[in-house]
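One chain, chain A, links the two complexes that follow: it is found with chain B in the first and with chain C in the second.
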Partner chain A sequence: MASGKSMSKNKRSGQIFFWTMVILPLVQFCIFYVGVNFNSIILAFKSYENHTGVIVQDWVGFENFQTILHDWNTSLLLKTAVKNTFKYLAIDILIIMPATMLFAYYIYKNFALSNLFKVLIFAPSIICIMVLVIFFKGFMEDAVSQVIYKTTGTYIESMFLKRKYAFYPLTIFYIMFGFSGNILIYLNAISNISTSMLEAATIDGASEFKIFIQIVLPSIYKTCVSLLVISVSAIGSNQAYLHSFYGSSNAPEYARTLGYHLFDLVATSGVDGDNPTQYPIASAYGLVITFIVAPVTLTMRWLLNKYGPSED
Partner chain B sequence: MNKTNWKKALLAFTMAATTMLSAVGCGARGTGGAGGADNVDIDTTKSQLYLKYYNGGVNRVWIDDVISQFERDYADVEFETGKKGVQIIKDFDKSGISVSAIEKNPNQVFMLVGVEYYDYASNGVMMDISDVVQKGAALSPNQKEEATIETKLRESQKSFYQLDRGDGKKYYALPFFESFMNLIYNVSVFEDKKLYFAQGKDGETETWSDEDLKSSKVEDLFVKRATAPRSLGPDGKTGEIDGVNYSADDGLPATYKDFQALLTCMVRRNVIPFIWNATSTDYLTGLANEAWVNNEGAEQFMLNMSFEGTADNLVALDDKGNVQYNEDGSVKMRDATEITPSNAYELHAQKGKLDAIEFVKMMMGSSDYRYGESFKMDFRATQRYFLNGNVDGLTDGKDIAMMVEGTWWNSEARSDYASEEDRHSEDRKFAILPLPKSDISKVGEKNTKVSERQTLIFINNFCADYAVPIAKEFVSYLHSDRVMNVFSKDTDMLRALNYELTEDTIQGMSYFGRSAYEFATSANTDVIEWLPTSNTTKKNGTLLDWASYGFSTTAGGKNPYLYYFEESNAKVSPATYFKDIYNNYKNSWKIS
Partner chain C sequence: MDKSAKKKKFFQRKWSALEICVCLILTVYSLALIALFAWAIMTSFKTQSAYDRDKLFFNTPNAFTFDNYLNVFNGMSAQVPTLEGGMRPVYIEEMFLYSFLYAGGCAFCQTFFTATVAYCTARYKGTAASVIHSIVIITLILPVVGSLASTLQMAYELNLVNNMLGMYVLKVSFNNMYYLIFYALFASMSWEYAESAFIDGASHFTVYFKIMFPLAATLFGTVFLLFFISYWNDYQVPLMFLRNMPTLALGLYGFMLHDHSEFATPTAKIAAGVCVFIPVFAVFVAFRNKIMGNLTEGGIKG
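Coming up: the complex of A and B.
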């Protein structure tokens, strides 16, 4: 009896402890996730004005979506942004992802200088991005420019403000940074592969390439799918570090991505920027992107999981 | 504890810790932190006033002086029972503050740059300061100026700053400083290299071909001695006429053709005509806006700020937007056109804009016209190179003649001078170049300058009751002619209000400050604000963003200098670029 009472008391105090600790996060989740996103969705169907000194919000139905369609039809900016966004997605999938996997495997296998590579590749993730951007800009504008000038006689006035050149340094930086972000995830996934399986393959005389393709890749396939899904689902917000390089609204139109376009829409709202009058349009953009990207992402995940390689 | 309980406890701890961390993060942002506040001891015998000041290019020297003076002037005033005098706590750094952070922010008076007035006012974070504006500025505890602060505001400013939030029109903020974008020229370089047009050479280039303007023929246009008599300049006059001094621009290029000849001459004489920065490319857009405004004139340009009125300077275009020409090759103009919000895109056919594009194209005409690193440098490096580049051996023995910069540059660049004496030395001669007119028929028309950036002074609406009278007194004090003179004397800049500088102030300013003041306040110069003046334009404020409104194309580019920086556009005529801008606005026009 006493033991039963004690257990019930323990259970009750456990419940109190649990809820005391959890209630605040739950409230926070409701406000900052559910509430904010709900408000964002609602905002897409509203207008926001404050030029009289009073905030006036009205229901405008699909007017904001019509504005987006109008922008799409009358300006090339949005089309360029979409094109660039897909360009970076392709870089993510075709360059960063395979290269990161290979490097992760290289490091895992402790090949020559692997520890040095580990530090070098991971460094961008722990150093402030602005430091890296300043360093990289200086490197490209000074050192690389000088090398090009000395070797070819062509003086490049700006690597970042000329259409002809801007894509290259931006892409190099994007790849460098993409590399560092994912390498630990892959390394961790590869570390979970049974060493005996790898050893057996080596004893059987399988080449490193064969081991990578036939054992490592299927074993980390779930991780690949997850990272692929994350890349695709984030295309609407991928700024490709343009803000770090150019600041608010100064990125040339030919370099812009959808993510930067959305950011710019919010940052340049009003006569002198930073007035929420454009937020409803930005919300509508968010919904449009979600409607396009969500089904694509889910379908892609389903297909990859259904038809991808199996560990068996 | 069993396994499930452990899991629960771990989950609960993780969530709680995450929440706490983010709450701490929110808190730090939410309060604004007063992060830049000077570390001073609170003097409990005095009332405290907390001041947030944007410590950017304008610098803090002047405000430190004014605060000291205010504290001395009000040393015996009791704003709170049992306390005498005021101690101002300074939060000075180069950052702004978000609207949502103001309520919890300890600062009571804000002096900020790049503030969206409507956003702040509509969120109720700005205190109604109409009583301050509609009285004379405080000179001391018992003395006020006779004229009200409101009389120092221009009409466009009154229209913009008075808001009716349901209880009549009220002021919630006052403008801080004037912010033009300019071609700053090095007077000493012009003198040393004899880059002034000689007397009698006015209009001589008008019949010259482009080849002539880029040939050695230009050498004959310029003075042979630095002190030789000069041409009349863009105002077409010299000497003092009806109390207005027309001599300041003597010898400077009057027309675009003169300007082209000057650029040729500079390169021939081993001078780099321009330097600008790449980190704030909107400086260049600002200069293009200045060229547009200067060619269009105040009255016609202000149609862009209202979308109402009669436009009488519109270029005739065909239905595809192509510029039409008269038989003599001049641009064909339209009859006066009534502008309403529904057809206000027609303002993008203003002749002044076509002229501005031509000016931009001329500046971008050759990479020899700009310092080679201009599209890589930041604005501080640009200032340093402009000031000391040749002396410090940074520019391969070449002087730089002109720099694209804002009115604040000379205050911002003070650390690039050897000392304050050096900055004020008569050897350091810089001035604002009056932009040349598009052709000789425009010579003699007024200069027009446009102040683009929103810089505001306001009081926190959540200011503690005790501090309200102190805050209002301090804001009032900041707007006396005397204090505005202190501002101008130290910064070489002007507050964005009408006031006179005293002789003492003028003498205490640097050469640049004096010339900028003379230029901006001359009867031959109109100063306007880039501020919407009608309900329609106020409602469509984003469309009027100064960094994009003038030169946005269908492709999305908005900076005419970057447009002509592209080799593929180098041969695009101003008329074609103009057509693209016009069509972009015409085809996408949507006014709410």
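Coming up: the complex of A and C.
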């Protein structure tokens, strides 16, 4: 009886501990996730107008969505942004993902210089993106331009602002610093593969390429799906480092992505809360992109998991 | 095995085609990366006139200078409003302080609450714990785009903008991938220590803070470091939420793109980059095994 009483007391104090520890983060979640997203939906149906310094808000129904549709039909900016966003998504899926997997496998197998490569691949992810941008921009615009001039006689001035050249250094930067983020995740996934299976394949004479394709890839398939889904779901927020290169509003229209466009709408709209005129259209864009991207990513995830290769 | 035997084995071993290809790509990648950083560090010690003459190498006499670093310490500044209604400059030393407060505080809040919620849901099973666990899974899977305007508006309404404590409040969150790592760790920990402590009269708070939390200290340290580095490097959130307390990364952004003073020469901008990069790189070098090892060898597992 006494023991039962003590157990129920312990259970009650456990409940008190549980709620004391989770209440603050739960309230934060309710305000800054649930509340923020609810407010975002409401904002999409509102407008803020600046009448000589006085902000007047009004309900405008679907007007913001009509503006987006109008922009889509008339403005080249939005179409270019979508096109560029898909270009970077393709780079993510076709170049960065497979290369990172191969690099992770190379490091896992402890091939030549793998410890050095591991540090060098991971290091950019801990360095401020502004630092990388300053170094890279200076290096490309000054040092590389000088080399190109000395070897070909062509002088390229401000290559990040020239339509003809800008895409190349931006893409090189995107690829060069794109491996870092996920290398540890792939490395961890590969290190979970049974070593006896890999050893058996090696004894049977399978080439490294065959082992990678037939054992490693199916074994890390779930990790690949998760990272693929993350890449696809980020299409509305992927700025491709444009804000770091050009700042707010200064990125050339031909280089912009959807993520940059969305961020720029908010960044240029009075961040002190005194001029939220662009907030409704930014929220409407967010809502439209979420409605397109969310079902696509969830369906893709479900299909890839259902019909993908099994570890067995 | 001694060094020469290792060397012999290295050269006698049969290299596969895949190994050769990847090794070549990684060598080119590494050389490009090393060249970029070597060029930047070298340029940061170059006089502007020497840089104008040759942007690639150090081939002129008297080209070496510390002036770029002096320019950074004297000239890299951001204007912030004062209480009296005027403006005052914030220099690099104050930016360092704001970076420490922002990165340290936000990283601590986010790591502590992520670990705590993970512990509660892993160890105090029940409907509430299941609901919270599902919330994390759903928010991690569901992509929500374009909520920045709404977040900014709400933060402004709640007086959290330009307020360091406000930034900490924004980071009292748990719905991130590290929740799953902490959850797996706490779920796999033996509960026997806790049961013994309960028999000895310890409270649930004592068990968490004095027994379970120290057992997770290594992972806590690693996640804290990763968050710290990410907040130290972040300039977009301070740009939107913390303009009156500019961090180093935000100062660097302004110095690179919006500063047209005589201090903001191309070589000084590169020196400013080196100033921001060195502390984080030093932390990385000191803790690289902890940062890279803990997450690959145990943390994510399970």
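Simple rule for what comes next: the second predicted complex is superposed on the first by the 302 of 312 C-alpha atoms of A that agree within 3 Å, B and C clash if a C-alpha of one lies under 4 Å from a C-alpha of the other, contacts with A are read in each partner's own complex, and residues count from 1 in each chain.
The rule is short, and it goes like this: a residue touches a chain if its C-beta (ideal position, glycine included) is under 8 Å from a C-beta of that chain, and two chains touch if they have at least 3 such contacts.
Please read these numbers as outputs of a predicted model, since none were measured by experiment.
K.L.:
Is the arrangement of chain B and chain C around the shared chain A a clash or a fit after superposition?
P.N.:
With chain A as the common anchor, chain B and chain C collide in the superposed model.
K.L.:
One more residue to check, A:Tyr155. First (chain B), second (chain C), both or neither?
P.N.:
So A:Tyr155 only meets chain B here.
K.L.:
Check whether A:Thr277 is in contact with chain B, with chain C, with both or with neither, and answer first, second, both or neither.
P.N.:
first
K.L.:
Going by the contact rule set out at the top, does A:Cys224 touch chain B (first), chain C (second), both, or neither?
P.N.:
The answer is neither, since A:Cys224 touches no partner chain.
K.L.:
Is A:Lys164 touching the first partner chain B, the second partner chain C, both, or neither of them?
P.N.:
First partner only.
K.L.:
Once the structures are superposed on A, label A:Val22 by its partner contacts, choosing first (chain B), second (chain C), both or neither.
P.N.:
Both partners.
K.L.:
Given the superposition on chain A, which partner contacts more residues in chain A: chain B or chain C?
P.N.:
C
K.L.:
First (chain B), second (chain C), both or neither: which does A:Glu253 touch?
P.N.:
Once the two structures are laid over each other on A, A:Glu253 reaches chain B alone.
K.L.:
Let me test your reading of the model: by the given contact rule, A:Gly14 touches which partner, first (chain B), second (chain C), both or neither?
P.N.:
It touches chain B and chain C both.
K.L.:
Tell me which partner A:Met101 touches in the superposition: chain B (first), chain C (second), both or neither.
P.N.:
neither
K.L.:
Per the contact definition in the header, classify A:Val54: touching chain B only (first), chain C only (second), both, or neither.
P.N.:
In the superposition, A:Val54 contacts chain B only.
K.L.:
Applying the stated clash rule to the superposed structures, which of 9-17, 63-71, 117-125 or 513-521 from chain B runs into chain C?
P.N.:
Clashing stretch: 9-17.
K.L.:
For chain A, what residues appear in both contact lists, the one with chain B and the one with chain C?
P.N.:
The overlap between the chain B and chain C interfaces on chain A comprises residues 14, 17-18, 21-22, 24-26, 28, 247, 250, 269, 271-273, 276, 278.
K.L.:
Show which residues of chain B lie in contact with chain A when the two form their complex.
P.N.:
Residue list for chain B touching chain A: 1, 5, 8-9, 11-13, 15-16, 18-19, 22-23, 114-116, 118-119, 121-123, 163-166, 170, 172, 278-282, 367, 372-376, 453-454, 530-532, 535, 538-539, 541-542, 544-548, 554-558, 562, 565-568, 584, 587-588, 590, 592.
K.L.:
Which bits of chain A are touching chain C when the two form their complex?
P.N.:
Spelled out, the residues of chain A in touch with chain C are 10, 13-19, 21-22, 24-26, 28-29, 31-33, 35-37, 39-40, 43, 99, 102-103, 105-106, 109, 111-113, 116-124, 126-131, 133-136, 138-139, 142-143, 145-147, 176, 179, 184-185, 187-188, 191-192, 207-209, 212, 229, 233-234, 236-237, 243-244, 246-247, 250, 262-263, 265-267, 269, 271-273, 276, 278-280, 282-283, 285-287, 289-290, 293-294, 297-298, 301.
K.L.:
Show me the residue ranges of chain C that touch chain A in the complex, using the header's touch definition.
P.N.:
10, 16-19, 22-23, 25-27, 29-30, 32-34, 36-37, 39-40, 43, 51, 54-56, 113, 116-117, 119-120, 124, 126, 128-129, 132, 135, 139, 141-154, 156-158, 161, 169-170, 172-175, 198, 203-205, 208, 229, 232-233, 235-236, 239-241, 243, 249, 252-253, 256-258, 266, 269-270, 272-274, 276-277, 280-281, 283-284, 288, 291-292, 295-297, 300-301
K.L.:
Can you name the residues of chain A that touch chain B in the complex?
P.N.:
Contacts found on chain A: 14, 17-18, 21-22, 24-26, 28, 47, 49-55, 67, 70-71, 74-77, 80, 141, 155, 157-158, 160-164, 247, 249-250, 252-254, 256, 268-278.
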